[in-house]
Amino acid sequence: MRSMIPDYLDGALSDVGADDSGATAAYIPELAAADPDRLGAVFATIDGRVYGAGDIDVEFTIQSISKPFAYALALSDRGFEPVLAKVGVEPSGEAFNEISLEDGTGRPLNPMINAGAMTTHALTGPEGADPARRVERVIDGLSAFAGRRLRVDEATCTSEMQHAHRNLAIAHMLRSHEIFTEDPRGVVEGYLRQCSVLVTARDLAMMAATLANRGVNPLSGRRVVGERVVRQVLSVMATCGMYDAAGDWATQVGIPAKSGVAGGIIGALPGQIGIATFSPRLDMHGNSVRGVSLFERFSSDMGLHVMEVPPAARTVVRSHSVRGSAQDAVRVLRLQGGIRFAGAERFVREVMDSPPTEPRVVVDVSAVYSIDDVSRRMLLELVRRLTLDGRDVYLVDPEVIVPDPDPGEGGRLTVVGTVEEVAVRVDGRGVPSARPEVDA
Amino acid sequence: MRSMIPDYLDGALSDVGADDSGATAAYIPELAAADPDRLGAVFATIDGRVYGAGDIDVEFTIQSISKPFAYALALSDRGFEPVLAKVGVEPSGEAFNEISLEDGTGRPLNPMINAGAMTTHALTGPEGADPARRVERVIDGLSAFAGRRLRVDEATCTSEMQHAHRNLAIAHMLRSHEIFTEDPRGVVEGYLRQCSVLVTARDLAMMAATLANRGVNPLSGRRVVGERVVRQVLSVMATCGMYDAAGDWATQVGIPAKSGVAGGIIGALPGQIGIATFSPRLDMHGNSVRGVSLFERFSSDMGLHVMEVPPAARTVVRSHSVRGSAQDAVRVLRLQGGIRFAGAERFVREVMDSPPTEPRVVVDVSAVYSIDDVSRRMLLELVRRLTLDGRDVYLVDPEVIVPDPDPGEGGRLTVVGTVEEVAVRVDGRGVPSARPEVDA
Amino acid sequence: MRSMIPDYLDGALSDVGADDSGATAAYIPELAAADPDRLGAVFATIDGRVYGAGDIDVEFTIQSISKPFAYALALSDRGFEPVLAKVGVEPSGEAFNEISLEDGTGRPLNPMINAGAMTTHALTGPEGADPARRVERVIDGLSAFAGRRLRVDEATCTSEMQHAHRNLAIAHMLRSHEIFTEDPRGVVEGYLRQCSVLVTARDLAMMAATLANRGVNPLSGRRVVGERVVRQVLSVMATCGMYDAAGDWATQVGIPAKSGVAGGIIGALPGQIGIATFSPRLDMHGNSVRGVSLFERFSSDMGLHVMEVPPAARTVVRSHSVRGSAQDAVRVLRLQGGIRFAGAERFVREVMDSPPTEPRVVVDVSAVYSIDDVSRRMLLELVRRLTLDGRDVYLVDPEVIVPDPDPGEGGRLTVVGTVEEVAVRVDGRGVPSARPEVDA
Amino acid sequence: MRSMIPDYLDGALSDVGADDSGATAAYIPELAAADPDRLGAVFATIDGRVYGAGDIDVEFTIQSISKPFAYALALSDRGFEPVLAKVGVEPSGEAFNEISLEDGTGRPLNPMINAGAMTTHALTGPEGADPARRVERVIDGLSAFAGRRLRVDEATCTSEMQHAHRNLAIAHMLRSHEIFTEDPRGVVEGYLRQCSVLVTARDLAMMAATLANRGVNPLSGRRVVGERVVRQVLSVMATCGMYDAAGDWATQVGIPAKSGVAGGIIGALPGQIGIATFSPRLDMHGNSVRGVSLFERFSSDMGLHVMEVPPAARTVVRSHSVRGSAQDAVRVLRLQGGIRFAGAERFVREVMDSPPTEPRVVVDVSAVYSIDDVSRRMLLELVRRLTLDGRDVYLVDPEVIVPDPDPGEGGRLTVVGTVEEVAVRVDGRGVPSARPEVDA
């Protein structure tokens, strides 16, 4: 049975295909000569499924789409503080090749403009590494995001270097502000090599999906960068990714994104999906004309907008039930899904508003697939208070979703694999069949 | 049993309480005279529960925090197009009182700077309304967000008007660009009345929770503005809410927010929570010093950051099971939670990858609490394809979570209240007990 | 015999007359309705002769041409320090209606942009005068520059006020920076009255000639403002008079100038001439198209450029001669023309290089028409040194061109009316006929 | 007999000598190590006399003071159009090392900021010359201005190149805008060599005097650049020479000037004098602290301000007289001094207002030392009209001050060497002795 998503993508491509406005980038022959009619779109889910339509296996140079990934690598390699000291996170409201250095310090406003991207490039790998080593690190890193070995398009790279006057200007300016102390020409060459890495729309979607999947490549299962890094990168993409029309994109599309001058655009919706489009004709901002149309459509058709989040609170409390009676009575509290603050708050509140009167209380997290730290702590505090209130508390956690389940002073918690074990532990008898009481 | 969240808030207030840096706003006596030691924080959940600590019922003027709400009202009253034609959505990277008009058009860059906020004020209510009517509309609207009748602090309002030179300058400038054609003085007066509305931290948290709850006040249950409007407002708060340090806030705190010069800050995390803090001493950006500290802390302690979203995909498929056998066999597909694109994709994919061979297929959405439109359409398309494949398809949807369940041409779908009804409908016999097969 | 200058002017008007590019100012009906074909040009010499061609007696509103004159009045009325504290003298490189306030202080960059001109208007007359009194002072002052009573065009004034949004904006902004503390609306009204004063090209040329003539109206002989004020005004006109193309004008035309939106342009070449042109069609900078052409032509045809100054040094020493012989010998040193530092230096040097050996030395300044202070002091020091060297020194100064001729300690100087008197004073004999020796 | 000007200069140096505020430039060791107490001032007259006090023969690097001279060379070598196409003439209101490129074109705003100065350097010498040849041309040119062979300080030059990051940035930026197509590094190197030329205050004063003397070195008598070039250079110095305080300098000092980071400042007052000061401590604008004080003093003490010009008109008409009577009567009109438009106008006007009735008219220009083109044409036109009016007209012009004395159609003019010749030519008799009639 053929999936419906390819059909949807085919339809979308067909609708935008008629628009042949814009033009391929003209500043180097390699980009100018690109087939302007190429068109492709890919969805990659965070569990690694790829849906595509059109030219999704055609190679083109990654260009500026490398910027958020190199930023992730720099944050990962050097830590937040050294990187933030040299590159800001403020939207510039300006074109990609504007200098946009902070008054006084000369710090580039953000890593998505060229000044910031070259500085970022200089911050990848270990400090003091030679330029070649730095480039190697970046290509390795981009490859890890993509899940396959990527290579550089030497012709484009050579050509870019011949037209690198503006980037050389920016690099010398950064050097003059001591934003980096490396040789400016070496940094520009390395950065242009980074930009000349060849990717397909499929690669880009997988790279985006790696961001959406909190830094773990969905196919290889390999963690490329940490979650905190991913959060930073997505935040910066959200505010600075689409250059001078950042606000338009943030309101209308609402997907953290980045475009490249060869015609690619990526979008990463955290926890959901990585998207890539490819169409070489650019608008006056340097963004792919049909790529922008596709993203607007995807956002609108599929509710993919970071500010469009379903109410999370109601999802976690699956049921409250009591098994057995009197002395044997066991209150079973079942949780489900991904638990974050709002869900934990609701659960804890419900328990506290009507504290269980049964002597034994079971918190069943076997249907929970993730719990964040604040929720874990709230849960354990609840356990502690129930203990102090005279209850015996059990945690059903067969997959160890709650690490280090210590409820702290005065609290006691017994971890078991199934609800059934609770009764057994106490009196050797089977647990009585459930009488559902509350169903959230 | 006392909730642990007030304890958490008490601890947080106590930690930041020692910081007495910054100063109250000095430009009018009413603000300068505020008690600088006031400190309060409130969480309001999207189902209306309020947790607070400190000075949460002290009244102060709403000031710039009125801006996102007035923007919501303008979008709601006039529609998107007329408002966007007059006020942009681009971050200005500048202070609140910068003029920041778009070159050429004179359009204010965004509704969070004064120029944009005054234009927004002029765009509330019906076109051509007189100034008094406009103010009335705004106060009504703010009251609806808060869930109680708010009133204006006349002394502050009078004093603001005496120091309104800069706002008058901006208003005349906007008038000169024909951004509005109303009398500039009338607009400034109305805007300053809007800013002089008295609120408490509790009110602000409820107003923020209304945004987090997609436009419906959690307590009154009243829809104040539409979901599309809320999405726009949150997007703009995310990029333009905290003035010149928008990028810092977006990366570090990651909660769409707005601050006011009287010391309030609100934050709204969509689908989760509304937050408000109150502490009158301001930093050099005009943001409450201790309020900013509290927000940083809340974001970090509780994972409240828009780019921190749990993987949604795994949550929806609860189980696949088969009941009965041979001719009687019923395949039961159970879904749960809030279903968005990524979850629907995963469900549909799983079904298509291993199509059911049983003659009857039941899609059970009784544990689903929300499904967005794209997911609904994917589900119905799946039903259509299953029908074409020769299956009888049933939808268990006792709470009518899937509106208008028409699978389209060639599809057929029978909606029932319980799984048990399916067997009955076919042969009068009870459905055999489940043999779980797949458990996601 | 008819003068050739009118012929020249006729020819110039005829040459530029064909150019009908540009358009009359459109923002108020009174300006839009001006006859676009009007064309006139006037030269006014610093001794009051007027040459004109074309429409030189048609009245139009003075508009921004009032700015340098009001600046002169403010400097004159309040002194330099208070005016410079509120209005800068830096070129803005921007259009007339740009705000261009200095960062931090809010001080307008110069008195030729509207912000500076309104501040200047507020600084005319005595401090604390009411708006009507201020306007009266300005109109009196402009009239004194023109040499006839000027009046306001009430229709234009009323119309300007109805379109004063931008000026009101600027005035409120200035008020917010406390650049002035007067009521902003009153300042704008007064300023627009100032701009609505009716003048002819003939008036403007005479006003410019008054500046060229060091502040004295050539016809009335009345000093309107002091020389120091005139120098300041001309300097500011030279760098800021022609808005965003200040540098082009300074290099190509080189005449301190100012244009008005009704089509006038004035130029004042210090010590030489006042010029005015009138032609209502404006270019994109707001300067009269044909007026600019005429000025370029005048500058180029007639060498009227402030950086084109003939070598002044050779002009002053008219002759050195000796009359009589031996004991009776008189050395006669004759000077001529206007003597400034470079001329005085040359004269003193020549005398010192070949000190007179005759017992009597006559310095004859009867052909000198002006001597500046430094030259006067150098001359007197020379006298002192000649005395110390044993000479009897006489000054022939029938028109008292050298005030207070005290050569200081050790010097002695006898002032006489003619060279002949010297001989008589000594021995009663007539002075021998001159034997010219040096002729410079 | 010792001149009084050195005394004046000694006094001035002594007065400013106490001020030890400011600091030597710190960015390279060679400048930082300069003796901060050095102090010198030089006046050079346009006939080559040099007055100096203090350290006037100490060598230091010319730095930015080379800019106006290199600009003169470029204009001279390439012509106005090609240079103006690449470098503007607008004041930037910014510091010397600001980029200040024109929006859109990337053209540097003026030749006094580094961007413009490097572009100017690239425009010296013949097009396509190699970098070494260009440098040679510039050093030759600077030497011609100074009147002696100048040489480069190699240590400073090497050191400058090591700290040239910002200049390299600017040069690459210019290259990217195709403001020049030369190798950016070569241009920077050449420019820094130009800046490293060693000069003394004496040299600088002579260079300035060459500008004041319309492009002719007063000592060598060699024309270095044309008059039109000098006018352009002086105009640009007047508006852009002193960086961000251009307006202050233009109003207060009023001498076209340029400063260098090694502590030199030059000023050139056209037709009068070249001035140089040397004192290495700089203020925050990068101008020599004591140098600025000295210039303020010179301007104020000696009336050296371009807007302070003596009335020129009265100087030219020396006398009108008649010799002989009746048929023999000769009207002698004597002119003197430098004649420009205003003087010519007055002369012509006087003659026309009271036309001579004598049959013969002599225009005696033997006491005139210069006449500009417009005046020459006015004079010849007057001759033509006198001829048409029936007069025989003679021009006494022994030094051929009036070139090509053709009065045009209908005019006739006889050129003679002395007034006496006129009578001889007509009747062989001597001219009767003069009876002065009018004495202007």
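Going in written order, the chains are labelled A, B, C and D, and every chain counts its residues from 1.
We take it that a contact is a pair of C-beta atoms (placed from the backbone, for glycine too) under 8 Å apart; a residue touches a chain by one contact, two chains touch by 3 or more.
Note that the coordinates shown come from a computational prediction; the quantities given were computed from them, not determined experimentally.
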Would you kindly count the fewest steps from chain A to chain C, each step being a jump to a chain that touches the current one?
2
Using only Cα atoms to place each chain's centre, name the chain farthest from chain D.
B
Distance from chain D to chain B - Cα centre to Cα centre, in angstrom:
69
Between chain D and chain A, distance of the C-alpha-averaged centres to the nearest whole Å:
66
Averaging C-alpha coordinates per chain, one finds the centres of chain A and chain B separated by a number of Å equal to 21
Of all residues in chain C, the ones touching two or more other chains
none
Throw together a list of every chain pair that touches.
A-B, A-D, B-C, C-D
Where on chain D does chain A make contact in their complex?
99, 165-166, 168-173, 175-176, 184
Touching chain C in the complex: which residues of chain D?
1-5, 43, 45-47, 49, 88-93, 110, 213-214, 227, 230-232, 234-236, 238-240, 244-248, 250-251, 254, 256, 269-273, 301-315, 336-338, 340-342, 345-346, 348-349, 352, 355, 369-370, 372-374, 378, 381-382, 385, 389
